[in-house]
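The same chain A turns up in both complexes below, where it pairs with chain B and then with chain C.
Take a look at the complex of A and B:
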């Protein structure tokens, strides 16, 4: 029992060490960071965080990132819900091939699409807007959401759809009132994955923006100046980047736990 | 009020599901669809409900062609073999669901749900979710939902098949009167001949997508007009033999058959047909015993009262009265027996 606990504890420590180090660094001054190893901030400072929250070039990065991530998650789910229902409930010509083809979109590296997207969005005037990134990320997230949701929908017996028809439900009413609550876990899981993939994706987000919609990850790569690297600031920005993901996990953790047990993840 | 099916056909690639089904179901009647698994009972009900559109033929409700009318515009209620309820809605909301959609005023809705809940003994459970109920309670919820709608066509697809024995007996007695009061056309699908007999009403036997016979249940049981109808309506299976074993019993017959309860054990008394065979298996329920006897290439079952414990392999004599033997011709059609059947035969 004790050996088991010790192994688990070691594992958790190993996992949390980098995160702790990041948090640790974010409360230090650059002088302390570069001076040598210190396990905790000897002269704790909030200056790094204050800088991020007061300097528009920093906090606008977070706003930009959150904007396109939320737009993308909403768009992906809105497209994926009807598509997944069709794949789950209807048989049509080439349905299985189409379903697999959707997933194969995820296999292509984003770099392949960076140039076409850049050219297309420049042409239609979407370049350097949150919509550019949100739409580009749909390429990966819609197939993923369809794939996840289809598994959850197929677990709902078809007889429930039919009983609703017999009871007199119109399709939209059935879908909203009966069907969506039944796959709430699946929607939670799909939303989580869309959010996370969109949040951590850097290449498309950086390519498709210049100034106005620049995501936080792109801003973080430009902290090197003539005065050297601003380590403390970078660490604080890193901590703030972890937070949205942690929050999303906290809110959908029950759905995800059930979702992993039930569906196709 | 009547539901008429005219020459209804339905197929899936490579197979015929329903083959030229014609049926007339009258208002206020109980109609049993009796057939083995995959005989087309569920498909027929789905076509009746409007969930599937037939490839051929038409469906008339009160003389109106409703073949292509979407199911939600029809006055239909259905209960499935699996317990189908809305898992996220309470029992009350489940039962009230068709009424809510129909836009009934709250007072009327409450009254109807309360009545259905009382009849099906669901009153203490109205606030629970279906997942918190036992199987029997879940199925009673589904039945209550079908009941409150007061639909003119109520389809029950093996509603008791997944319930335990005691509950089945109870519900089987309660169900028909519940729906009879609403004056609906009640259709009840089952695989079990005994259930059809207990329910009474009218029975249609199904075999490979065809309705082989239709009529009052007791009559169909007593006088099946095809070999298939006789097979479907026999449990234990029909005891069969080739007609040339007993020439003269029914001229023109190819196959003879009689039911397990008509086969007796022992030396044949005068006037009965005797056979010799060996016991293969004996199943004992306590009140009855099923003795399986090998007669030549055929295996027969004798349904005997009480405990009859015979070891496998024991030589036995069995006998049946000629009047209980039904004869069918090469096409499986019923053939009337000869006026004076052969008195005795030993195979």
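Take a look at the complex of A and C:
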């Protein structure tokens, strides 16, 4: 029993330490950081955070990131909901192949798509807009949403659909009024994972933007300047990117495994 | 049994359209580039299978480079799997069964999974530095000369520790979900039979974990096979080319050198490999699902 607890505590400590180090650094001045290793900020300062929140070239990055992430989540859910219903309730021509094909998109390396996306979105005039990234992230988020939602929907007994039909509900009314509230949990989990995977991705987001829609992740690389590295600022910017996940993690803690396993657990 | 209704296609149509636009259309561009050569100025001419022949010939410059990156990537995937899977199972076995301890454990475990990938890189870039990072300072303090920017072994060590930090929790959470699904009756039966801890693990827990492990192993394999951002931030693929994995090499070729034909050929071969692994995954999973469902 005690060995188990010791292993677990060691593991949890090892997980938290690197994150603690980032938080620790974000409250230090650069002089203190470069002076050597100190386990906590001896002269805590908020200067790094103040700079991010007052400089538009910094905070616009967060706005840009949030914009495309929200568009992507809405888009992914909107088209995944009916599709997931179809997969969970019916057999149809090519259903298994389509399901596999969707999965294969979640598994495709984004690096393969970087160059063609660059060409495609330049050609249709969406380059350097949040829409380009939002659409590009659909590549892996739409399949993810379909898989997660299909798992939740299949847990709802089919008798409910049939009863509603007998009671005279039209399909759209049944879907909106009865079915969606039943899988509200699943929609929340799917939305969370679309949000997360779009939020953590950098390669495509960086490739598809230059100035106007630059995500925070790409702006962070700017802290290297002629005067050397602004470590404190970099750490503060990093800490702020952890917030969206940290804020909602409590609500989805029981579904984390399900979301990462494409709803297959 | 689900009823058959081909009108369900209407419901799938939006997804189909999105995937067509965001996956098939770009891939067609790649196919197009892969069979052409260019002198710049948007002048292209037919090159047939030339790029593919060069790519798959290890003696050529491109082929050698591709093979080296592929080799590095396979070694990386193998190493992280060999660490993360056993460690994940061990952690899952140590997790509390309920109460607030479980909630706190799950939240802490999920934290690294939700960190943006470039910030994962940043965290370790800082944490592993000898001058300002706790980890780097501690390792150097033990008398080991450790500098990930200058030494290939140290760079590999950092990238692997980083991935283990980042993703072991995923395997652990999956295994935990699998363990929870084992009915108590199995454990009671084992206790009556006087089975030891190892026997319980070997004969009850491990077989029941098969399904989640298939998912875990393949997700980890695929994601480590297309890893880009995290090692790129920490090492930039170096020192030299020592941590240049497939995606890093491909982006260098495509967006750095703008070598469209070569990059496209490499993209297709790379994508085909992931597709193959994906197919194996899907088959294994559907078979396990079928074995689990009671036959009518």
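Note that the second predicted complex is superposed on the first by the 242 of 265 C-alpha atoms of A that agree within 3 Å, B and C clash if a C-alpha of one lies under 4 Å from a C-alpha of the other, contacts with A are read in each partner's own complex, and residues count from 1 in each chain.
Convention: a residue touches a chain if its C-beta (ideal position, glycine included) is under 8 Å from a C-beta of that chain, and two chains touch if they have at least 3 such contacts.
Because the structure is predicted, anything quoted here is derived from the model rather than measured.
Overlay on chain A: chain B and chain C fit together in the combined arrangement. When the shared chain is aligned, chain C comes close enough to touch A:85, but chain B does not.
By the touch criterion defined above, A:120 reaches chain C but does not reach chain B. When both complexes are overlaid on chain A, the residue A:182 reaches chain B alone and has no touch with chain C. Seen from the CA centre of chain A, the centres of chain B and chain C span an angle of about 90°, rounded to a multiple of 10. Legend: residue contacts after superposition of the two complexes on their common chain; A:11 is shown touching chain C, with no touch to chain B.
A count of residues in chain A touched by chain B and by chain C gives the higher number to C. When the shared chain is aligned, no partner comes close enough to touch A:44: not chain B, not chain C. Of the two partner chains, chain B is the only one that A:163 touches; chain C does not reach it. Here's the short version: in the overlay, chain B gets within 10 Å of chain C at its closest Cα pair.
Residues of chain C that touch chain A in their complex: 2-9, 11-12, 14-19, 21-23, 25-27, 29-30, 90-91, 93-96, 103, 105-119, 122-124, 126-127, 131-135, 137, 165, 168-170, 173-174, 176-178, 212, 215-216, 219, 222, 225-226, 228-229, 246-248, 250-251, 254-255, 260, 263-264, 267, 270-271, 274-275, 277-279, 281-282, 285. Within the complex, the chain B residues that touch chain A are 49, 51, 70-72, 76-78, 80, 82, 84-89, 97-98, 101-102, 142, 145, 149.
The residues of chain A lying in touch with chain B in their complex are 157, 159-160, 162-170, 173, 178, 181-182. Here chain A touches chain C in the complex through residues 4-5, 7-8, 11-12, 14-19, 21-22, 25, 33-34, 36-37, 39, 75, 78-80, 82-83, 85-87, 89-93, 95, 98, 100-105, 107-120, 135-136, 138-139, 142-143, 146, 196, 199-203, 207, 217, 220, 231, 234-235, 238, 241-242, 245-246, 249-250, 253-254, 256-258, 260-262, 264-265, going by the rule given at the top.
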